[in-house]
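Once you scroll down, you'll see the structures, which are given as structure tokens.
The following pair of complexes shares a single chain, subunit A, combined with subunit B in the former and subunit C in the latter.
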Partner chain A sequence: MRATIKLLVVGALIVGFALPCYAAKIVIEGSTTVLPIAQKAAEVFMDKDGKADISVRGGGSSVGIASMIDGTCDIAGASRAIKDSELDKAIANSRNPVAHVVAMDGIAVIVNPSNNVNALTKKQVKDIYTGKISNWADVGGKNEQIVIISRDTPSGTYEAFGELALEKDKVRPDALLQASNQAVASVVSRTPGAIGYVGLGYVNSAVKAVTVNGIMASKETVLSGTYPISRPLFMYTNGQPSGEVKAFMDFVKSSEGQRIAEEQGFVGLK
Partner chain B sequence: MYIKEKIYRWIFTVLAFSSFVFLVGIIIVLFRESLPLFQKVRLFDFLLGRFWYPTYDPPEFGILPLILASVWVTCGALCVCVPLGIGSALFLNELATPGQRAVLKPLIEILASIPSIVYGFFGMVVLAPFLQQLLHIPVGLCAFSASLILGIMAVPTVCSIAEDALSYVPRSFREASFAVGANRWQTLTKVVIPAAGSGISTAIILGISRAIGETMTVLMVAGGAAVIPTSFFMPVRPMTAAIAAEMGEAPMGGLHYRALFSIALILFLITFLFNIIAELVSRRFRLKLGLAQ
Partner chain C sequence: MKKVVVMFLLTGLMCIGGAIDFSHAGEIDLLLQKLVDKGVLTPGEAQQVRTETKEEMRKEIVQGKSETLPGWLQTMKLKGDFRFRVQNNHPKTAGQSENERLRARIRLRLGLEAKVNDQLLVAAGFATGTTDTSSADAARSTNQTLGDSFAKKAINLDYAYAQYTPVGWAVFTAGKMKLLPWEPADLIWDTDITPEGAAVQLSKNINSKTTIFFTSMLGVIDELSSESSDPVMYVLQPGVQYQLSDTVSLKGAFSYYDFANIKGRALDGSTGTNSHSSGSYLRYNYRPISPAIEIGIKEPFKAIGINVPYASLFGEYVNNIAISSKNKSGYALGFKVGAEKIQKWGDWDLKYIYAMLEKDAVPDILPDSDRYGGKTGIRSHEVMFNYGLSKNTFFGVDVYRSWALASAQAPETIVQLDWNMKF
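== the complex of A and B ==
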């Protein structure tokens, strides 16, 4: 009896120590926007799969793609398509980046429900955020000062909004910076003259989304690409993925993976 | 027996010196993590730059708006906590009946035990919308709301230290004053307050330290706009709020990360300076009243 237990314990120890050697290690690096999807998907995938050992790092799209080209990561998260210069480098390194769209990022422009403005153009949104327009009367509303609400500067949503809506111009310095999408929505819901922007998943009944260039932000308009403040999010692999990397990519694209993306505030592809 | 005593002695010496070790460790980390910034950014541009755009390309690391926001909010808080704190201390010490004292003193101390996030939440959900409607300002999350809340948070610090200072004034001082015919008001303003003066100053300085280092409340209530404040009703971004909001997402080892550590270093130097001044002033106070050797 005793001997059996001993044997079992020793056996379990050996298996326990040996297992990590067999685990397939996957490194994901890149865009902080894609990071929450990668992180959550990796956690769920590791629970289900058991064999995979996935480590997820941020750093930004450029860092991720550069690492993938250097071979220090298996999957590069990117909130933009690969650049020509990066493709040249990849070819010089005999690498073959393959793009996988893993979700869509759509950012809704929201105002207080008491605001009578229902539509803005992309140009007006930009002028409001950069400070050229500071009164709602200039865009067809009441004579009321516009209170600009933005995300904190390191956030992915801030970066995406800056690129898509402001074309890399700076948000005026006196904008109120809030730490989360929820905080932006709650300040806008309590401040009559406020304008804010949040990931599509965070629009609720306490705020009012306005149309941009005549198009309302919704799952359909973001997926079709007609909504102007939207973009695809990518994961790049070297060549067509195989083995555990393929299993993980398939998981991310599966309906379960897409539900994870939606939980993180993005628009799923399914 | 002798050995046991020696062991205890050692244990308690180590425990007492551990805070010293923590202090030194924190100082070393602050310097080590922040100094590399100044190979890329000039100290002058950092301290006096007017724009804080840490994630743009090229980034701008001007923390003048953040420093001024901290100063602004702290001054506002002082306007609240000095009259409230010192006033309560005077009442407790001079006028309160033992019964009132027994109720009030613990109540004021309870203010200190409320977590700052609760103050922040109160400010965000109750005070800011209220002020917004009352004063017809575009947004209630501003320096004024933050000052009010910070001021209330600093009241217990100011009150209890000032009250201690007042109670240290020897009875003989008051008796001498009454003996030469001064009334109560004259005794208070001409004898008791001057005698407790440096103790009260210590209370105010520690109140400043408390307000300038407070993070959660200003993060939630001050609005967070990195702009040089020109009015009390503008949203501002104090140094602590900038660190708390941005540290989580700043890439480790990057310039932004270093800049946040540099802000922390400056904040540390400011509170360190205030605490040293408070210590010096209170030492003088104890000497003056003959409480120290």
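== the complex of A and C ==
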């Protein structure tokens, strides 16, 4: 009987130690803004490294950071820096969140090329999108109604614009919502009184980007942090990454990884 | 590699140079720009170094390990709030003669938290109010009425406790605690009460949508030198929080309370509305059970073009299972619309609660002191409106209209106009 118990205990220990090795996969969880970078990077990384097994899911920055603190994910995607309260919790849980900037998020404000307005302040952008300003004449343009074009609410760009430009206020309810950055640029290019916002990678010759607080959206102004509607995007790991997690983080920060970030509409760091 | 070296040097420089709160950020930006201009770093690498260095510094300060600030400053937090209130009470007695009262009141609360180590903190709070234990306000109010020929006002110990967090999902608290079981409609507890004793709180994310929590508390109600069986309170509250979708969340809990050894005793702060055997001695012990639920919805009226950020519906029920007679239950139902949290100018919320509490549902030392003076055996409507004036300050109007269930007393109306400031 004792031998059987010993056998069971030893067996359980072997299975207990072996299971994590067998199931050694990387779990990424968090920000829906960072999600497209994580998904595409994971896909390409797994193609290159046949042994890698990466699971990617959204849920939001708070969920990702909470999971990293609880130890249920290896990498937390976050469109904001970790909060002091989350750092407190991490420290209490003997965790050491290490920030990795994986791309920059910059959102350009665009108008129809026929519009004579070239510059807006951040406050004017907010007032236009929240409905306080509804005519271009109020910001130095022609006497023409402003047509508001916005991304739809599930979009990460909508969320980022709401936080960075509108200070969490809501876009006026009669705005025309579009399902993609390309669609926003297309509608603005065809509508004389329109204003829209798109990821920096989607500005093209059919639309005109305006300066915000005197600064034009560009890779340089976003990377230097001077363009007001920009922010860093993070992945957090528990301590300095090692093993497969390090290999993946190195890949995300590599030229190839940064190219993936640019393909998803963000500003790469390389 | 060069990026790692630059980041290491910058972090070291900030520590040695006494750069606190990133006040040298401008100089660091200049240094990074020079490195970019000389081709040592790309603009992207400079941004990476700038941001990751700041994040490392923040972490060090939160951990209290930075050499740039005195340890006590890094491990202590001071917070507080001040409220100026104008309150009108308009009660009617049995004879229908009106007895109006208009008061100016203030509330000042100061709280201090100090980290003993990474797992242990000590917190203390001080607040205005009275310590006259014969009054219901001693435990249930931090208001100070202005008057008495400009007399100085007292500040009392509101709470003082130690909190141990061995792992992120478990918190142990002991002392006079700023901690109450969760309830959405304030049916059982006045939120100013700070229970005394010890508590365990467990909270765990089961998956990305579900969090389970459990609160257990042992509270000291009174200590009698002549008795071996002092009045105590036991609380068990399991609960769950579930994200039904991106916009809809659900929180529910079931509470079990056991107020033991209070039968035959007179409790401090009692409003005298529980059943008594003789004089002010309680006839019963109290073991209320209480299920409660709250549903929160983000942008609930978006489909019809109305921009309201948040709405919630909530309810609770209580039943004292220690007795079999009548008048032992209660319930509250309510809703809230507006901002989830008042943070800036123009944020607003509107809340309504209907509450009914029979005379022996809970001990009468607990209920909201604004609902008919904190008595049991009442029903009450409450409408509350808050409006953000700027960051950390908001204006509020709170109106109660309450009735006694059993007696012939007519309704009491309370109107409170509040100017709130947090710091």
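Note that the second predicted complex is superposed on the first by the 246 of 270 C-alpha atoms of A that agree within 3 Å, B and C clash if a C-alpha of one lies under 4 Å from a C-alpha of the other, contacts with A are read in each partner's own complex, and residues count from 1 in each chain.
Going forward, a contact is a pair of C-beta atoms (placed from the backbone, for glycine too) under 8 Å apart; a residue touches a chain by one contact, two chains touch by 3 or more.
In this text, all values refer to a predicted model and were calculated from it rather than measured experimentally.
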Subunit C versus subunit B on the shared subunit A, clash or fit after superposition: clash
Which of subunit B and subunit C A:159 touches, first, second, both or neither: first
Partner chain(s) touched by A:87 [first = subunit B, second = subunit C, both, neither]: second
Which superposed partner A:224 touches (first subunit B, second subunit C, both, neither): second
Touched partner set for A:190, first subunit B, second subunit C, both or neither: first
Which of subunit B and subunit C A:117 touches, first, second, both or neither: neither
First (subunit B), second (subunit C), both or neither touched by A:59: both
Subunit A: partner with more touched residues, subunit B or subunit C: C
Subunit B versus subunit C as contact partner of A:173, first or second or both or neither: both
Subunit B versus subunit C as contact partner of A:97, first or second or both or neither: second
Identified clashing stretch of subunit B versus subunit C [22-30, 58-66, 148-156 or 238-246]: 58-66
Residues of subunit A that lie at the interface with subunit B and also at the interface with subunit C: 59, 153-154, 170, 173-174
Interfacial residue positions of subunit C with respect to subunit A in the complex: 33, 42-48, 50-52, 55-56, 58-59, 62-63, 118-119, 165, 167-169, 204-205, 208, 246, 299, 302, 305-307, 309, 343-344
Subunit B contact footprint on subunit A (complex, rising order): 32, 58-60, 144-145, 147, 152-155, 158-159, 170, 173-179, 187, 190-191, 193-194
Subunit A-facing residues of subunit B, complex: 51-56, 65, 128-129, 132, 138-141, 219, 223-227, 234-235, 237, 245-246, 248-251, 256
Partner subunit C, residues of subunit A touching it in the complex: 29, 57, 59, 63, 66-67, 69-70, 72, 81-82, 84, 87-97, 99-101, 104, 153-154, 167-168, 170, 173-174, 219-220, 223-225, 232, 253, 258, 267-270
